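Dropping the structures in below, format is structure tokens.
What follows is chain A paired twice: with chain B in the first complex and chain C in the second.
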Partner chain A sequence: MTGDRQRRVRDLALMLCIGSFGVLTLVPFAFTLNNSFRANYELDHAFFGFPENLTGLARAAVAAISGSDAVFSVETDTGELVEATGWDAAGRYWHAATKGYRVSWGSLRPYMINTFIVCGATTLGVVTLGSISAYILSRYRFFGSRLVFYFIIGTMMFPAALTLVPSFVVVRNLGLLNTYWAMVLPYIAGGQVFATFVFKGFFDGLPEELFESARIDGAGHFRIYLDIVLPLSKPVLSVVAIMNILGTWNNFLWPFIVNTDGRYHVIASGLYVLATTTFAQNYSSLFAAYMTASIPLLVLFTYATRPFVRGVTSGAFKA
Partner chain B sequence: MARVELKNVRKVYPGNVEAVKNANLNIHDKEFIVLVGPSGCGKSTTLRMIAGLEEISDGEIYIGDTLVNDVPPKNRDIAMVFQNYALYPHMTVYKNMAFGLMLRKYPKAEIEQRVHEAAQILGIEHLLDRKPKALSGGERQRVAVGRAIVRQPKVFLFDEPLSNLDAKLRVQMRAEISKLHTRLQSTMIYVTHDQVEAMTMGDRIVVMLDGVIQQIAPPLELYHHPVNKFVAGFIGSPPMNFLEGDLVAENGALRFHDKSHTLHIDVHESQFAALKHYAGEKIILGVRPEHFLENHSQQAAPGRSMTANVEVVEPMGHEVYLYLDVGGQSITARIPVGETEPAVNKPHVLDIDTQGIHFFDIQTEAAIT
Partner chain C sequence: MSNRSRPLFGYRARFTLTCYALLAVQMTLLVVFVYVPVFWAFSKSFFKFEVGSESRFVGFANYAELLFRDPTTLPSLLHMLFLTAFAVCVRLSVPLVVAKLIHSLSREKSRYLFRLLFLVPVVVPGVAVQLIWYGMIYNDRGMLNELLRMAGLEEFVRGWLSDPSTALVAVAFVGFPWVGGFEVLIYYAGLSSIPESVTEAALLEGCTGIQKFFRIDIPMVMSQLKLILILTIIAGVQSFEGLFILTKGGPGFRTMVPGLWMYFNAFSFQRMGYACAIGVCLFFIILGLTVLNMRYFRSTTELEGRG
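Up next, the complex of A and B:
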């Protein structure tokens, strides 16, 4: 019994500890989400507090359900107060609560589109070139192949800040400033190192007989890569793709400095621009913009977690 | 279909490791040949050189009349079945079997016909839509064989294809591959380390050791006339017993005395001519376990029987394996279940079929014939 009690106490302590970390992680997110539904005047008065429009929505919904004809005063987009009852009031409250999202979306949309283009092109480039490089390094035995691999891996040792200025000079001299290429090409070059490393490790672990069997079946290197290696690499492809999307999505400094005229800003740099200019005083829209910016990554992680975990742990256990 | 010929083939790996030394082998059209030997003897390397998966360091390999030294595997018109099946895990059984044909751009209808024919032969038609992970070991093996059959190659290569199966399934698949050979009438080269597989399947067997071909012969010839001590010991189960001793000329006859002087065997007349030069010299006697015969009277007869201490008795049903000690040397005897009942730690008398015994040179270990 004593042992059981000790175990229960230990489990409880562990859960409290993990729970605290979980709460600490979620607090900033919850804070942002909460504030994104608050009006600017609320934020001016108190930084913490529940959104008035959402409490109003709850009250109006309760009134509608209970059949009460209570009248609610709701603020419109133009700042006027209108009176409404029941579900109409609830709808108006929702409209008012989400004003920040509507306002911010107009400014955020071009940045979002730019981000999708840059992320898509980068991921495609990194996955394609990284897997081809890894296939060559894994399957071809040529003089110095190991040296080439170590050289590629060695470039991971250089901090990104160290290459910032030279990279900028190269991009500027190539005339790529203020284009998608200014982001896509350096990202592909940079992302390849990690991708090659991960892909090569995976390809090295594929059974030699699969390649030999394919060779006897009549497949050349390209067919083996396309028909055998790539389909078998789905888990690791998703790892590389997700890591790459994450890195590209969150990168702030590079897009900020190569987009001197601001036309091709992506989410991270665009949010900074919005926070310091358009939404400098409009916290409600800024918080809404932050939330909107994180939705695509949330969706990605929701749907890609399983293959991601499978990819990360692939090779750890014998199939 | 085609013959396969190896002329002075060598394989040297980096570090000057010679895996195959000067192999010469002529495999006839439609022949089922088995390469057998212990691990590291070079049998798989030889097969892989024929397949084109290993470059040869020296020599020539012909498939049909074509020198294939520099021909890539896909152009050698061969099909290979691997030890671990090497099925493509992401493809269905149908696609696994059709893949080689699709790459060779066969018409769709022909691919379908060939795959279904092969599947019918192997009894795997109901598995065509499954993926390899949904198959048992035996079924995977059949698919691997099916993948080879659909190609209708000149030569089939098998690299220890039954090693991963359990004992019962192995016996079953052994018979099926033999039947397949009879049905397809094609050249098959089969690598195994299991001498039972070699003996039961091969038209001829190639015994290898340390990269050297020791003997090429039909199964029974290998069994009855091994060229050296290694082949004699490798072929047959339980293996041949070897006893070192002296060959002595006595009263116009030749008699073998083992080194402990507890075993004395008269040499059969048929072996006189070959052995007379060894009189007075040390020699190795080889006796297969089945060449010990039951002695009903349990009375030792000088020159053709022995008395040994029984260490272990293994009843196998229709026969008994006896593990005996003869002057400090362990030997195995295989006798039918009979009237005598050998008891552990008791002396037991066994006769020896002197016509079936073998002698080997103690220096070269070559058979003396």
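Up next, the complex of A and C:
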């Protein structure tokens, strides 16, 4: 019994330690969320504070539930005060609190759509090309196959700093500036290397008997790839896909450079543009934009954490 | 009909051709977007070269300028060295300690939940994180200054990123307390793979707590440490997105690093050849460090292989 109690005390102490790291890590994000509901004058008045419109919302909701007919004066989008009671007041408070989100969404939406297109095309290309090449290089020996493998893996040696400037020149000379291709094609070229490497490692480990029995059953090369290899490699596929989405999503510099006229900005480069121009002085909209921009990955992670954690934890990542 | 029964090539040759046909897309992309840029990076570094106008061969002039005449070279190298060393120190220690703390929890469920907790910030775009630190924490009316004002320490209030004496340290402190969700996951995976027998043997020898952490855990996660070390060094030497957002190398050249200087030369001053020369130098620095790393840090798999 004492052992059990000792363990619980120890766990509690550990959780306090981890928890304080967690709180420090999350504080900036919590403040961003909080301040995305606050107008500029609130920030000037007191940096640390709860959004006035959300406290108003809470008071109005309490009043509505308790049936009192207290009157609240709420600011509208145009800045004038409107008197309201009960749920009507609560709704108006909510509308006022989320003003930043509505304002920033207009600017953010095209960036969001561009990001989805670029991320989707890149991930599809990387997974398709990577798995096909890995399958060929892993299952078949042909003239020059080792050379091809080194030709692909060798590109890992070249850091982004070496190729950044000349890549821009290549993309410019191909006339791809200010198109989706300027982002998608280099991303696929770079991303497929890691994908091929990981897939090949996984395919090499698949038992030979599997392929033999499939061949005896009359399956061709393409059938084996499509119906046996791909379904078996789902966990690896999802890890590679998620890593790729994360990389593409967070790449700021390249989209910033190749979108010289700013039409095809993605979230990363778009946020920078918003922060330095449109919303430089409009903090609630800016912070709301950061929060809105985090939603897609939050959704992705709620669905994909388990395979992702399992993939990373499986020990694929060591040097 | 008779010549249809004899194929042009043998089976083997046709098979090889099919393989190459399937690999063609990937190889083409690699040639166009990796090998051609790499080749140009080296060749254009010998030219004075502006986009859209003609280029002129200047031999080693770009390299000579970079190494001997450019007054920003030495300070940027030192800044890069400081920031990289700082990043290595925090990325090899803090996430490992957190992973160890999480690993020591007795319930599987709480271990999983805490690992998830540190993964939450990953959903925020990296640019937004830098911008949050720039605009909300280091700003004149940001969190840091407001906290100091509240504590009555007005004399310490300053523009953290614009004050020459604090800018570099402020840049290094972005992301405090540096508990990266991925790093925690990777170290945690290493800690979980330590065999039960090793832990039991350590326990029998009376090796517990801090001693066990240094004598058992750290050597056993060496391959993970090595991975993070390589990744952090490579990122530290070449990446400059954070500095671009936070300071643009300023105030003055107080936070300039070679990568950022390359960017400005290429895209602000139109000195593409000079920028390529900087890129080539960065490539050799990274190559040298990676080789050193592989030489002098043995991973656990190698240790096991020797034992």
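One rule holds for everything that comes next: the second predicted complex is superposed on the first by the 286 of 319 C-alpha atoms of A that agree within 3 Å, B and C clash if a C-alpha of one lies under 4 Å from a C-alpha of the other, contacts with A are read in each partner's own complex, and residues count from 1 in each chain.
Everything that follows uses one rule, which is that a contact is a pair of C-beta atoms (placed from the backbone, for glycine too) under 8 Å apart; a residue touches a chain by one contact, two chains touch by 3 or more.
As the structure is a computational prediction, the values presented were derived from the model and not from experiment.
Engineer: For the three-chain model obtained by superposing on chain A, do chain B and chain C clash or fit?
Structural biologist: Overlaying the two structures gives chain B and chain C room side by side.
Engineer: Now for A:Asp217: first (chain B), second (chain C), both, or neither, which partner does it touch?
Structural biologist: The first partner, chain B, only.
Engineer: Which of the two partners, first being chain B and second being chain C, lies in contact with A:Phe29: first, second, both, or neither?
Structural biologist: It touches chain C, and chain B stays clear.
Engineer: Of the partners chain B and chain C, which touch A:Pro186 in the superposed model: first, second, both, neither?
Structural biologist: Touch partner of A:Pro186: chain C, not chain B.
Engineer: Name the contact category of A:Phe48: first (chain B only), second (chain C only), both, or neither.
Structural biologist: second
Engineer: Just to be sure I read the superposition right, which of the two partners does A:Glu209 touch: chain B = first, chain C = second, or both, or neither?
Structural biologist: After superposition on chain A, A:Glu209 lies in contact with chain B alone.
Engineer: Could you let me know whether more residues of chain A are touched by chain B or by chain C?
Structural biologist: Larger number of chain A residues touched: C.
Engineer: According to the stated criteria, A:Phe21 is in contact with first (chain B), second (chain C), both, or neither; which is it?
Structural biologist: In the superposition, A:Phe21 touches chain C alone.
Engineer: With chain A at the apex, figure out the C-alpha centre angle toward chain B and chain C and round it to a multiple of 10 degrees.
Structural biologist: Here the answer is 80 degrees.
Engineer: Once both structures are aligned on chain A, how many angstrom separate the closest C-alpha atoms of chain B and chain C?
Structural biologist: 10
Engineer: Give every residue of chain B touching chain A within the complex, in rising order.
Structural biologist: 51-53, 72-74, 78-80, 82-84, 86, 88-90, 99-100, 103-104, 147, 151
Engineer: Which residues of chain A touch chain C in the complex?
Structural biologist: 7, 10-11, 14-15, 17-18, 21-22, 24-26, 28-29, 31-32, 35, 43-44, 47-48, 129-130, 132-133, 136, 140, 142-145, 148, 151-152, 155, 157-170, 172, 174, 185-186, 188-190, 192-193, 196, 246, 249-250, 252-253, 257, 267-269, 271-272, 275, 283, 286-287, 290, 293-294, 297-298, 300-301, 305, 309, 312-315, 317-319
Engineer: Please give the residue numbers of chain C that touch chain A in the complex, ascending.
Structural biologist: Residues 15-16, 19, 22-23, 25-27, 29-30, 32-38, 40-41, 44, 51, 94, 98, 101-102, 104-107, 110, 112, 114-129, 131-133, 135-137, 141-143, 146, 150, 176-177, 179, 182, 185-186, 188-190, 192-193, 223-224, 226-227, 230, 234, 237-239, 241, 244-245, 259, 262-263, 266-267, 272, 275-276, 279-280, 282-283, 286-287, 299-301 of chain C touch chain A in their complex.
Engineer: Along chain A, where are the residues that touch chain B in the complex?
Structural biologist: Of all residues in chain A, those touching chain B are 207, 209-210, 212-220, 223, 227-228, 231-232.
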